[in-house]
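Shared chain: chain A. Partners: chain B in the first complex, chain C in the second.
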Partner chain A sequence: MAHFEKANSLNEWLDQRIALNTLKKVLNTEYWIPKDINFLWAMGMILAATFGILVVSGIFLLMYYKPDTNLAFDSVNYTIMSEVGYGWLWRHIHGIGASIVFLIIYIHMFVGIYYGSYKRGRELIWLSGMGLFVAFSAEAFSGYMLPWGQMSYWAGMVITNLFSGGSLEAYGLVEWIRGDYVPGDAYLTRFFMLHVFLIPLVIIGLIVLHFGTLRIPHVNNQEGADIDFEEAAELYKAGKKKESKVIPFSPVFLSKDIFVMGVYFILFFYLVFYNFNFAMDPVNFDPADGLKTPAHIYPEWYFLWSYEILRPFSKDVGLIAFGIAQAALFFLPFIDRSPNVAPAHKRGLFQVWFWVLLIDMIVLTAMGKLPPTDPTFAFIGLVSAVLFLLMGPALFIITMFEKKIEKGA
Partner chain B sequence: MANEEKSRRDFMGMALGACAAVGGVGALYAAKRSWDPLPSVKAAGFTTIDLSTAKPNELIVEKWRGKPIFILKKTADMAAHERDLVIGSDRFHMSIGLCTHLGCIPAYKKDTHVFFCACHGGVFDASGIQEPGLPPPSPLEIPPFKIAGTKIILGEEGPEYKQMLDAGLTV
Partner chain C sequence: MRELKIFAIVAFFSFLTYYLVEPYAHHEMHKKMDANGVEIKIESHGFTYDGTDDIAEAERAGDAARVAVKKAFWTDVVEVSKLKGDATAGEAGFGMCLGCHNGANMNMGGVIPPNLDHAGAIYDKNYLIAVIKDPAMASNVDHKYADTMMHPMGSIKAMLSDNQQIADVVAYMLEHKAGEVTPKEAFTEACVRCHAVRYTKTTQLGDTPKFKHKKDELAYEIKVIEEQDMVKAYMGNLPPDLSMMIRARGEHFMETFIENPQGQLPGTSMPRVGLNHEGYEKVKEYLTEAGDPSKKAREELGPWVIGFFVLFSILAFLWKKSMWRDLH
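Right, the complex of A and B next:
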């Protein structure tokens, strides 16, 4: 057994047993962040905080929610909304949080793309982040099933039908996923399990991995500069804080993060208290009915762009296009052939590519919300979907011919 | 001596690995079976419908295995089709009322005699055949049925259904 001295403080007592001071250094006071960053670098911690808020509000909802096709709708819309003290608060926080978390995820992703933060040693950050995007999508979808309204039921029907694989007609697989011929009790209970246990567990694991992948390559900076972190850290520790290019994660960087978070939470709680309806689809306030399709089925806003890639094509082509669109973003670090880690505005054609991608995804989102009957909008949707699919090859070609930027010039 | 120890450890490692693999496969199978539809769900899959009171051009919607079933008694001016159910002198269109694109329920338009799916704009005619150039890739599906007098039993495979299946008129 190791030798223990009498401790003079709680801190010392803990330090002897779990190396608390070393832990603090590794995770906080000697985890170095570049100085040359802006508020967009705070999105990661905002996401972590929003996830925390979703967990807490979820715990309170979980205490009254009933995962049973006969009881679910009323347990949400009657019990939680009008009987449970402040039940409405948890529900609106949970609904707004689920919606806003995707807005921040998209900002976080586009910041990464703009500054080339997925390249040269940072590939795993991108890949684990995409893993989180998929896990959050599954979490959002499974959660959307739980109120068992019309949109829950029909979104469940449409999305599980995707697994029949178009002309493969794998209805056995679809029925296996549902545990029934149509979404029913077994279906609701298993998605409840996924939503409250399995997927959150996966998300927490992926968050740890995501932080871990950041450790060695470090956070990128506004110029994509190669920083000698050890040298810069020595300068900082020697008291030359001005000359050093880095700051410690805590408390210095975190204080800025928390400021941005403060601004964010003003917006967040404004939505929770005054504009919660934008995350509460009116169609989902009708109880699920397997014999009546809503006139127009659409997903929540954050899935609209990929839905619009599915929609304008015939069934099989649509499914393939949809599959490619879902997987393509994973490969971004390997499609981008340029040696430059630099912001888009210094990378010539890449900047054009970046803005075309962003605008195309916004157009896809807008078209995905519209009913399928208007031929003009259907055509715009088709063009945007084809354009999205061409963005991958375009990136490969653009970055292959991109000139190497001489650093320090 | 060192070699002997290594081979003993190798053996134990392989033995553990083999046991764990067998257990793992078993657990996966059990997990797969736990997700299967329950016997009670499967057993509730038979529905009998009486067609003697049906009126022409009026869509009847019944429920079978949680899915809507369309039954449309054809009028004289609607084209006959091999997929029709013939009971006495009457012709019926009968199908699962789920769009073959992504499973929404199409609505029957009485005046134009078509099924229109609002989700992605698919159209099927009064025999359940999809209009080309639109999302649905195949006709509305015909559920397994057996004709018994003026009644049909859904879930049982009668000779007329098997004939349609063999002719590739449904899946």
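Right, the complex of A and C next:
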């Protein structure tokens, strides 16, 4: 039985009951982060902040949104946009947030790849992060259905059709997912549930896991240096801050994060107020019409690269390629055979591999939106999709022959 | 320095991606090509009408006869516009227009003839001349009436055939049917005979009145449906509700489409309505009020929020500086 005494302050009172001081130490003042980092290390906190903004703006929207195919479009475009005070602001924040969160996710992922932050004890960080990527994708897709515009409807049609499995023709499965032959009321209400309840719950769980996986291997640093965190922490605590290779999460690391966040929010709100069409596609301001297929159906920009892996091939090959592409990224820590945790510019051929991957994904993204009826675009799309599929084996071979970088080099 | 270099790289690839999926992809998606694979540039002519687009379209179609007809028609229109119209003399001619354009809200041959109370203010002079000479040609939908169907306003050709007479009627409208026009009036006169706007409770019959009894409301609804059926039969499809159109289409599309619907949607049954620049601005204002009413608030609030985060960033930077001072 724990021992309780009369507390002289709220802090003490709480400390006796939930070990507040220990918690503060563990989570903040003695959670050690390497000093040798750059602003890219702030992406995690930016993601957390953006997720927070999405939750808050989402709650406001949820108060007025009506998940019914007859009411959804107008509840968003009329009620929220013109009747609810500042409803337009919350909607724009939610729309921009949903799009820009993927930009930050991609930056976060490429940073992880560049600095080899998925290796040697950090595999679970990568895996839980990929889990978050999938959950965010599902969240984005389900949310995109809700305004029930033309693009909601037709994107929903196309994506759910993927579950027919090409030549398997599993239309029963597609109907089961839709709850109807075509996207309708049952479809909208279930995606509403997924968007506002189940997937956010999963995301929150995964965020906790993601943070948890970070604890023991610690955050990577710019040079991939192997830091003795305990020793470095002792130095810091002894006041030898210059000699120590670490800083506490709070307030030192956080002070930098918050500055980066400030700059990020300047961009974020510039987009909210002045440049939102990329995140709120004009086509989706036409109400859903099952009898009128839009001339061009395309997903939001962050799904374009995987869409383009699906598109240039025949039905079945495309689906298989698509499936492989989705799963492949999960296995990155195990495909990379290199013994080095180091930034790409110190890893020879891996550096080439990294930039090829980045550029290939950007090309895929662009081709995913450009009309495939143009033979040039279709060809570039095919080449970059094949290249993407070859990147996995290429990484395996490149890293197998990668020489170990000697310490201190 | 290193941080700035990294930032430049991140920014470069972000903007590259943005450029490719937004401006570039949308341009590629919406560009129009002629038969030889040459891009057709669709540009606004500042809401003036002289048949340039109409003739170019006929030329692209390779239809020499059509080119000749279009050229002759628009040359004629320009000729008439040079005549000095006499507004007093035009009053009698305009009286004929009132036979149909009388505000009685009666469908005639497909649509309700629009009210002309502000015709001189919202429509272009050349267009007014053209529409009297030949409504189908003026609206650039003559292809719809090529066979047996007659334009509902087709009989005007027989009623007002003399060029001077046309110039007089147009002069009358420019002088007496102009004046201050509200966005709602401009929109009602130019668009409402075909388009409903449910966010402003407007149908093809105009403003929806308030009803005390459900029975009256339903009876009115039936009248609206009947009117819509007639418009549908005439146009081939019910023209879309314009509530959200201001956000569903870009500025460039709206401008060029309203100026010449055939340019953006070849073959569409939407006629050119002949708005002049002021008329277009009014219509746009109305549609903004309906579909994007927060535009003004958005533009007013924007600088404050961004300013806040600029200040926030400066303070955060100073804090960071002080926290990191002893670290290196």
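In the analysis below, the second predicted complex is superposed on the first by the 407 of 409 C-alpha atoms of A that agree within 3 Å, B and C clash if a C-alpha of one lies under 4 Å from a C-alpha of the other, contacts with A are read in each partner's own complex, and residues count from 1 in each chain.
By definition in this document, contacts are C-beta pairs under 8 Å (C-beta built on N, C-alpha and C of every residue); 3 or more make two chains touch, one makes a residue touch a chain.
These figures come from a predicted structure and were not determined experimentally.
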{"item": "Room on chain A for both chain B and chain C (clash or fit)", "value": "fit"}
{"item": "Chain B versus chain C as contact partner of A:Trp154, first or second or both or neither", "value": "first"}
{"item": "Touching partner for A:His296 - first (chain B), second (chain C), both, neither", "value": "both"}
{"item": "Chain B versus chain C as contact partner of A:Asp180, first or second or both or neither", "value": "first"}
{"item": "Chain B versus chain C as contact partner of A:Asp286, first or second or both or neither", "value": "second"}
{"item": "First, second, both or neither for A:Pro371, with chain B first and chain C second", "value": "both"}
{"item": "Chain B versus chain C as contact partner of A:Phe4, first or second or both or neither", "value": "neither"}
{"item": "Per-residue contact with chain A, leading partner among chain C and chain B", "value": "C"}
{"item": "Which of chain B and chain C A:Gly166 touches, first, second, both or neither", "value": "first"}
{"item": "Minimal inter-chain CA distance - chain C and chain B, angstrom", "value": "11"}
{"item": "Shared chain A contacts, counted only where both chain B and chain C touch the same residue", "value": "295-296, 371"}
{"item": "For the chain C and chain A complex, residues of the former touching the latter", "value": "2-3, 6-7, 10, 13-14, 16-18, 20-22, 24-25, 28-29, 198-199, 240, 243-245, 247-250, 291-294, 297-299, 301-302, 305-306, 309-310, 312-313, 316-317, 319-320, 322-324, 326-328"}
{"item": "Touching residues (chain side chain A, partner chain C) in the complex", "value": "35, 38-40, 74, 77-78, 81-82, 88-89, 92, 103, 107, 241-242, 247, 251-252, 255-256, 258-259, 261-263, 265-266, 269-270, 272-274, 277-278, 280, 282-283, 285-287, 295-296, 301, 304, 358, 362, 365-366, 369-371, 374, 377"}
{"item": "List of chain B residues in touch with chain A within their complex", "value": "32, 35-38, 41, 45, 61, 63, 65-68, 100-105, 118-121, 135-137, 171"}
{"item": "Complex contacts: residues of chain A adjacent to chain B", "value": "154, 157-158, 161-162, 166-167, 169, 175-182, 184, 186, 190, 290-293, 295-297, 311, 313-316, 318, 371-373, 378"}
